Every structure is written in structure tokens, then in C-alpha cells.
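Two complexes follow with chain A in common, the first pairing it with chain B and the second with chain C.
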Partner chain A sequence: MKRIGPGLLAIVLLTVPLWVGNPYYVHVLIMAGIFAILALSLNLLLGYTGLLSLGHTAFFGIGAYTSALLALRLDWPPWVGFLAAVLVAGLAGYGIGKVSLRLRGAYFVLVTISFAGVIYLVSVNWMELTNGPLGLPDVPPFSLGLPGLFELSIRTKPAAYYLVLAVAGAAYFLCHRLVRSRIGRGFIALRENEALAESVGINGTRYLVLAAVVSAAMAGAAGSLYAHYTRFVSPEVFLFTYTVTMVIMVVAGGKGTLVGPVLGAFLFTALPEALRAVTSWQWQMLLYGVFLILTVFFLPKGVIPTIETWLRERRASP
Partner chain B sequence: METFLQHVVNGLILGGTYALLGIGLTLIFGIMNVVNFAHGEFYTLGAYGAFLFLSLLDTNFFVALLGAIALGILLGGACERLLLRPLLGESIETTMLVMIAVWIAMQNAELLAWGGVAQSIDHPFPQAPLILGPISVAPLRLFVFGTAVLLILGAHLLIHRTRLGKAMRATFQDRETAALMGVDIHGIHTLTFAFGSGLAAAAGTLLGPIFVVYPSMGDLAALKAFSVVILGGLGNFAGATLGGLLLGIAEELGAGYVSSGYRDAVGFAIIILVLLLRPSGLFARAERVG
Partner chain C sequence: MSLAVEELAVRFGGVAALVDVSFEVEPERITSLIGPNGAGKTTAFNVITGFLRPARGRVLYEGKALTGLRPFQVAERGIVRTFQKTNLFHRVSVLDNVMIGLHLRGRMGFLSILLGDRRVREEETALRGVAEEILAFVGLAHRRDEVASALPYGEQRLLELAVGLAARPRLLLLDEPVSGMNPAEKTTVMGLIRRIREQGVTILLVEHDMRLVMGISDQVIVLHHGRVIAQGPPGEIQSHPEVIRAYLGGR
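Moving on to the complex of A and B:
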């Protein structure tokens, strides 16, 4: 089972566009993939270092704007814009991380919210650069290739699906390698007991800043994918709703696991879409709130860790 | 110079209600160790409460204000009793998540109940401003400021001059010891949350008639409450009062002389700068209630 499971899942994921005919379902899966990258990136902080950042949309938005602006204003190919988005978001993560990681608990949370708030206000007010609240329309679709040699434009939904799947897979792999490395064990040690971790030689600030940079860069990548897929970027990418969605995905799926946030991303992208047919946006958000409360009360560890504990107990007492 | 004075006066009047918001939030944080993200929603509740009493039940303006505050107190108490008491002893992140959930749920419930259209609250005060030397003030704003000052004084007396206030201060200093001395911790928590929510609702009913009332108005109010609390130091009553007045003036000056688009950035900037440079607040000697 342990061998077959992942292989089967890979086959299913790789063949989705072949047997899912409805482009709307493919669209939902693409959005789920983008959110899976975001949830994985937030989980790196919240799940492994134990820091609750509520400013994560800042990096998502910075990535989206960087990629869109480079494509629109300077005509850069989108894949270069993608790399630039990763780089700029990572740099922002370094800067913001460096100053805010001196704080802990409520103070850290409030500073991260404030940074996201300031960047949102800049995106609304700096008309010359961002076109303000009107946003940037006509962002070109993603394309791979070298000028003059070959060009592979990703316009169709199945192509976008494979692109997002590839990036999400890479993000998952990166997180997997990172948290199982010496550095990842350092993150967990800091989460469990910071003073003790530092006493055995783990440089807290350096590890946490590293986590912030990787996390921000991943969110930037998701932002770039989002910009070229939806082909429109506006200050709405900084909305606090996105941050809350990411937090719910990580917490409900299971923070501190790798499968949890991905599962959470799929559940909480599919659920609102399913609800959309029967209810209004306000009801959906109201239910989101209720669901978050229920999760904290009844599934405080999230879905995946609860299932794991249950399986372990069953195996221990046959 | 005249415009400067006018800005300062306008800022002070706004600042009085910011102080009310901040005091509620800082008490809840100090005594319960809960970061109340739903604080802005109690502010919205206050404004809509006043609107409800006035337009649907057709009550007197002042009765409507009192009714709205009572609504905030009741709902705040219920919120603590149902959602926060079972989580006593959980980490601060856990209660924070629950309060974020309450915030989202309340805001969207308000959207469902009232629709997205902004409403205005009628008030009995004359429109013509009072001219006091170089400055002019609308009578309504004067009433708002006066009420805010009275409420702040009342809260101060409650905390420093009553047995209940003593129990609150004891809980703030050391929850376990206070419990050992016979303080009913659960009761204090419920009262603190109800009281803080009541103050937020009061700020909402006071500012509601000055501005318009709309479901997402609480978001900005929450931002302001957080900047006030951080300015004054988390859990610091006097700090929150001074912080509120300072924020009001800083915003008015910022909007008047820099750019009104960045008016709300003042709050964020205060949070970032104060937390990075002086994390215990501008007026902190030691963190304490009072």
C-alpha cells in the first residue's frame, strides 16, 4: 500500500486533463494547485517553525505584480518574470523577516499583518506603477522558450494544469527535502523550545530568516503563476481573505505535515466552488468562519495527523 | 496655523473614540491574553445596533446608543462564554484563530443581514458648526468627544476604584494567584470581554452618526484599535488612552499635510515602527493594567 499509493496518485494527477472533460473542473484544479503552493509555503513557517504569519498575501501579491509588470512594461518572457517574481518575493521575505523575526507571538503576527497592509496601500495608491485599484489587465499567458529558437505558449487549461502541477510538485519536493534535512530539524527544534534549541547551537534568527525567505519565494512563484493564468492582477491579491484561506488550509489539513496543507488546499478550493452553486459569497465566508471554529474545537491537529494517530492506534491494538 | 489647530481638534475628537476602541482591546489582551481580531466587528455591531434601534424600533437617539452598547456587551459576554472559556489554557495562536473566525463570520453575517449598502444614522444635533475663535466644531462631534471622555473616565474608575476592578487587576498580574485568593477567574474573563466589546460598540455608535455605517467598517476600526494598543503598550490602560488621542491627531495631520490616500497607512506604520523600535509601547515603564 505504501508503495502503490503515491504511484497511483501520480498517475491520477498526471492524467487528469485526459479524463476530466469539463474545463471548469480543470480550472478548479489549477486554482487548487496554486493554493497548494501557497499552503505549503505558509506551512513551512506555521507548521515547522511555529510562527503565524498573517502577511503572506504580501509575497503572493509581490510575485504576481513583479511577473505581470515585467511582462507588460518591459516585455520580458513570462518564465523570466517567474524567476524574477521568486527572487523579488524572496528578497522581500528576507527584508521583512530580518526585521520582524525579532518579535514573537502576538507582536510578530501584528507586524506581518501591518507589512501586508502597507504593501496593499502602496498597490492602491502608486497609480503610475500599479494602475491603482483598476489593476493590470491583459497579462500575457505563460510561455516557455527562448526568443528566436522556440516558443511554447501555455494558453489552454490542460497546459496550465501541467505547468501548475509541475511547480506544485517541485514545491512539495523542496519542502520535503528541506524539512527532513538538518535545517528542517533545526526549524522543529526552534518550534518546540527556542531557548533549548539555541543552547545546542542552533542560530535561531538565521534559521527563521531562511524559512521566511524560502516561504516567501514559494508564495512569489504562486503569485506569478496566478498572474499569468488569470491574466489580471489587482490590489485584491493582497486581500486578507487570501491569508485567512491559506491559514485555514494549513490548519484544517494539518500543520507540520506535508500532505496536510495540500489536502487542505484541494478541500478549501473545491468546497467554496461547490457551495457557489447553492449559496452566495457571504454565506460561504460565514461557513468558512464556522468551519474554522469547528476545526479548532474538534480537529485541533488537522485532518492528516488525526488520521495518522488513528491508524497508529489501530495497528498497536489489533 | 488655523488649519493646524483645526486638524488637531478634529484629531482629538476622532482620537477619543480610538481610545475607547483601544482600551477595550488592551483590557482583553492584558487580562485574558487573547488577541481579539473580532474587536472591529463589535464596533460595527454598535453602529448597526444604533441604526436598528433608530430606524426599525423608532426609539430616541440616546436610547438607541444605550441599546447598541447593551447589545455589544451581551454578545461579547456570550462570545467569551461559548468560544473562549473552553479554550482557556490553549496557546495564544489557537484563540487568535478562533477570533479570526469570529471576525469573518460576524462580518459576513452583517453583510447578509444589512446588505452592502452604506446607511446613515440620523441624529438630533443641529448641523451648523459652533465657531470657537479660529476653529469650528459640529455639535455632534462635541457630543461624541464628551461621551467618549466620560466613558474613559468611567472605565478608569471601574478599574481603579471598585472591588471588581481590583479583581481584574489581580487577574492581570497573576491568574493563578488571583484564583487562589478567591477571585472568580471565569467571571472576570466573561466580564472583561463583555466590557471590552461594550466599549468597542460604544465607539461604533458614536462614530456611526458622523460617518456612514457599512458592514466592513470594522476592519479599519480594528486596525486603529491595534495601532492604539501597540502605541500604548499591550495591556496598558493609560497608554491606550494617550495612544488613541495621538493616533487621531497623527492621522488628521497625515491626511491633511501628506496624502489622504495614505491616511490608513499611519496605523500600519505605527504598528511596525513601535514594535520594532520600542516593543513595550511608548509609555511603558512596566506592562500593567492601570
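Moving on to the complex of A and C:
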């Protein structure tokens, strides 16, 4: 079971475009993949270090704008823009970490919210650079290779699906390596008991800043994918609701697990789409809310931790 | 000299927690720091380990100043403390508590970890082995997969000791490690402390149980109202008039 589960899942994920004919479903899966990267990124902070970033969409948006602007204004190949998006978002995470993490806790929450607010205002008001509220249309699609020599343009939905799957898979495995290492144990130690963590030699500030950088860089990667997939970036990428969605995905799926946020991303991307298909706008919001409350009520720790506890108890009492 | 504390002063608002405290701790010995409640013992620990900045005075370890260092830097120099109140990574397994404690023994950096360097896995295996040895040493091997908060109180205190040992101290500061334990558990812990000392670790112990203190210590330092009122071998301390007066309750 333990062996075939992941193998089966890999086969399903790799063959999706072959048997899902409807491009709209593929689109939903692509968005779910982008949100899975965001949820994994937020989870690194919220789930492992215990820090709540309520401005996470800032890093997503920075990634999206960086990649889009480099492609539109400087004609850089999107994959270079992608790397730049990771870098710039990571730097932003470093800055935010440096200014706020000496004080921690609520202060970090406030700094991340304000940062997202400021970045939003910049994106709206710096017309020359960002085109303001009108946004940046005609972002080129993602492409691999070098222009002029060899270029593989990712225009179709199945191609975009595989790209997002690859990046989400990489994000998942990087998180996996990180949280199971001595550095990840450092994150968990700081979440659980900072004084004790420091007294066994864990440099709290350094590790929290590191977590912020990695998390922001991942969100930047998601932003870049988003920009080249939707081919349009506007200040809407900084909307607070995106952050709220990410938090819901992480918490409902199970923070501090790796599968949880990914599952949460799929559930909470697919759910609104499914509701949209069956009912009117007002009912969608209502049902979404009810579903959320039920999840919080019956699975307060999130889906994955609840299943884990259940399995452990079943094994303990055969 | 292992540790030297010189003319420490700490105030909390109107309360003088430490007033001109100086003492020395000899290497590879068990030194006990005793005194009535509120004498300033925990405050002294907090200053030594970088959790508190003293208003005055300094702390030297093997001749180098510790004052101004942050707690993790103090730990890097081989000085590890445990806390008076139970202090663990509560929602983490017993084994992982010790694995976290082993942090400074790991060498692998961020990039090696992300790239999945083979040495990362080797190091993990080695660290796991060490963690299991430490758990066996304190007698918690059978609990390795349980969540720390699920352990009975006495075992939680043993786990705290294991976490401290994992950080490979050369000077170990123990703040009431047996408080709240039953007599059998206390005897076990005292035995462990002796064995830790035999491995070349210097120990500074805070403990209220006089019988235990006198039985285990090479040297005893008595604090009262933030001042050192006596220091010497246990025999001398037991008959020291000022110590008797302090403990009999005179202000």
C-alpha cells in the first residue's frame, strides 16, 4: 500500500492530459498546481516555523510582475524571467524577514500585511512601469530553450499542465528534503519552543529568515508560472483574498504536513469551480462558507493530520 | 577554571535579583548553586546562558567573555542549560526531541540538503544512532516514537536531560532537574548526573533537596537575596552559620 500509493498517484498525475479531454478541467488542474506551490510555500512558514504571513500574495505578485516585465520590456526568455522571479521574491522575503523577525510573532504578521499593501499601491500607481490598474496584457507564454536557437513554446494547456506539474513536484520534493533535515528540525523547534531551541544552539533569527526567503522564493516561482500561463498580470494578484485562500488551503489540508497543503490546494481550487457549474453566485459563496465551517469543525487539525491520527490509532488497537 | 562569574548585578524594576555575585566553577566537578526561593539562582543561569543581560559584571568561560552573546552562541561554546519548568518540544516525538538537540553536531548546510547530497543521508543515519544512544542512556529508548507531551512527568524531565545532552555540553547547567519527581526517579537522575560528570562534563546544579545536594556536590555555592553568602565543600556548608540562618527563614 505504502509503495503502490505514490506510484499510482504519479501515473495518474502524469497521464491526466491524455484522458481528461475537457481543456477546462485541465485549466482547473493547472490553477490547482499553481496554488499547490503557494500552499507549500506558505506552509513552510505557517506549518513548520509557526510564522503567519498574511501578505504572502506580495511574493506571488512580485514573481508575476518580475517575470512579465522582463519578458515584455526586455524580451528576456521566460525561463530566465522565472529564475529572476524566484530571486527577486526571495530577496523581498529576506528584507521582510530581516526587518520583522527580530521581533517575531504579531509583528511579522503586521509587516507582511503592510508589505503586501505597499506593493499593491506601487503596482497601481507606478503607471510607467506596471501600466497601473490596467495591468500587463500579452505576456508571452512560457518557453524553454534560447530564442533564435531552439525554442519550445508552452502554449497548449497540456504543455502548461506538465510545466506546472514539474515545478510543483520540485517544490514538493525540496520542501520534503528541507523539513526532514536538521534545518527543518530547526524550524519545528522554533515553532514548538524557541527558548529551548536557542539553548541547544539553534540560531532563531537566522533560521526564520531562511524560512522566509525559501517560502517567498517559492511563491515567486508560482507567480511567474501564473503570469506566463494566464498571460496577463494586474494588481489583482496582490488581493488579500489570495492570501486568505492560501491560508485556508494550508489549514484545511493540514499545516505542518506536506501532503496536506497540496490536497488543500486541489480541494479549494476545484470546489469553487464545481459550485460554479451547479449553482448561482450567491449559493456558491454560501456553500463554500458552509464547507469551510464543516472542515474547521470536524477536522480542526486539517484533513491529513486527522487521517494520520486515525491510522495510528487503528494500528495501535487492532 | 571552567566558568567564572564576576560581580554580576541584575535588577527587575525594584527587585535586585542579583547583587554583586561572583563565583567560580571548577572543570569536571559537580558544583551546586543553592538558596531559598527567589535567591536568584535561575536569574544567574539566565545571565550565564545569554537569556538575560546583566546590569553589571561579566561571565567568563575558559577565560573568554560570554556576556553579550545570544543563547545559541553560548550553546555553540559548549554551555547548555535545562529549565526549571518542564521545557520540551511538546508536540514532537521523543526521538525528534533529541534529534533537535543534536543540531550542533550536524554539519550539513542548506544547499547540500536541497541538492540531496549523499552525505546528508549518511549524517542523518549517524545522528539517529547518537539520538538512540542518548535515549538509551537516560532510559527512554522504549518511548522513542511517542509524542513528548504524552510522557508521564518524570519521563518528561528525563527527556529534557536527554535533549540537553544531545547538544554535547562541556558545561551543563541543570535547573532543578529532579523537582516534582518521586524518590526512585530522583535517585536515577542523580546517578545519571554522576555518570555525565564522569564523561568529563562540568556540572552546575540548582537543587532544593539538601540531602541530594550534599551527597553529590564537590562544591556548593549559597545564594541569598541575590548575594553569595557562602561557598565551599558540602561539609563546610552544612555547618555554616549564615546558611543555617538563611534556610531557617530569617530575612
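General observations
One rule holds in what follows: the second predicted complex is superposed on the first by the 297 of 318 C-alpha atoms of A that agree within 3 Å, B and C clash if a C-alpha of one lies under 4 Å from a C-alpha of the other, contacts with A are read in each partner's own complex, and residues count from 1 in each chain.
In the analysis below, a residue touches a chain if its C-beta (ideal position, glycine included) is under 8 Å from a C-beta of that chain, and two chains touch if they have at least 3 such contacts.
Only a predicted model underlies this, so the values are computations on that prediction, with no experimental measurement involved.
A count of residues in chain A touched by chain B and by chain C gives the higher number to B.
When the two structures are aligned on the shared chain, A:Val247 is found in touch with chain B, with no touch to chain C.
Of the two partner chains placed by the overlay, only chain B lies in contact with A:Ala106; chain C stays clear of it.
Shared-chain residue A:Ser199: touches chain C; no touch with chain B.
By the touch criterion defined above, A:Arg314 reaches neither chain B nor chain C.
Using the contact criterion defined above for the overlaid structures, shared-chain residue A:Leu174 touches chain C, although it does not reach chain B. Residues 29, 35, 83, 86-87, 92-94, 96-98, 100-109, 111-112, 219, 223, 226, 230, 234, 259, 261-262, 264-265, 267-269, 271-272, 275-276, 279 of chain B are the ones touching chain A in the complex.
Residues 174, 177-178, 181-183, 185-186, 188-189, 192-193, 195-204, 210 of chain A are the ones touching chain C in the complex.
Across the complex, chain C meets chain A through its residues 49, 51, 70-72, 74-76, 80-81, 83, 87-92, 96, 99-104, 106, 108, 110, 113-114, 116, 120, 123-124, 127, 163-164, 166-167. By the touch criterion given at the top, residues 52, 99-100, 102-103, 105-107, 109-111, 113-115, 117-118, 121, 124-125, 240, 244, 247, 251, 280, 282-283, 285-286, 288-290, 292-293, 296-297, 300 of chain A touch chain B in their complex.
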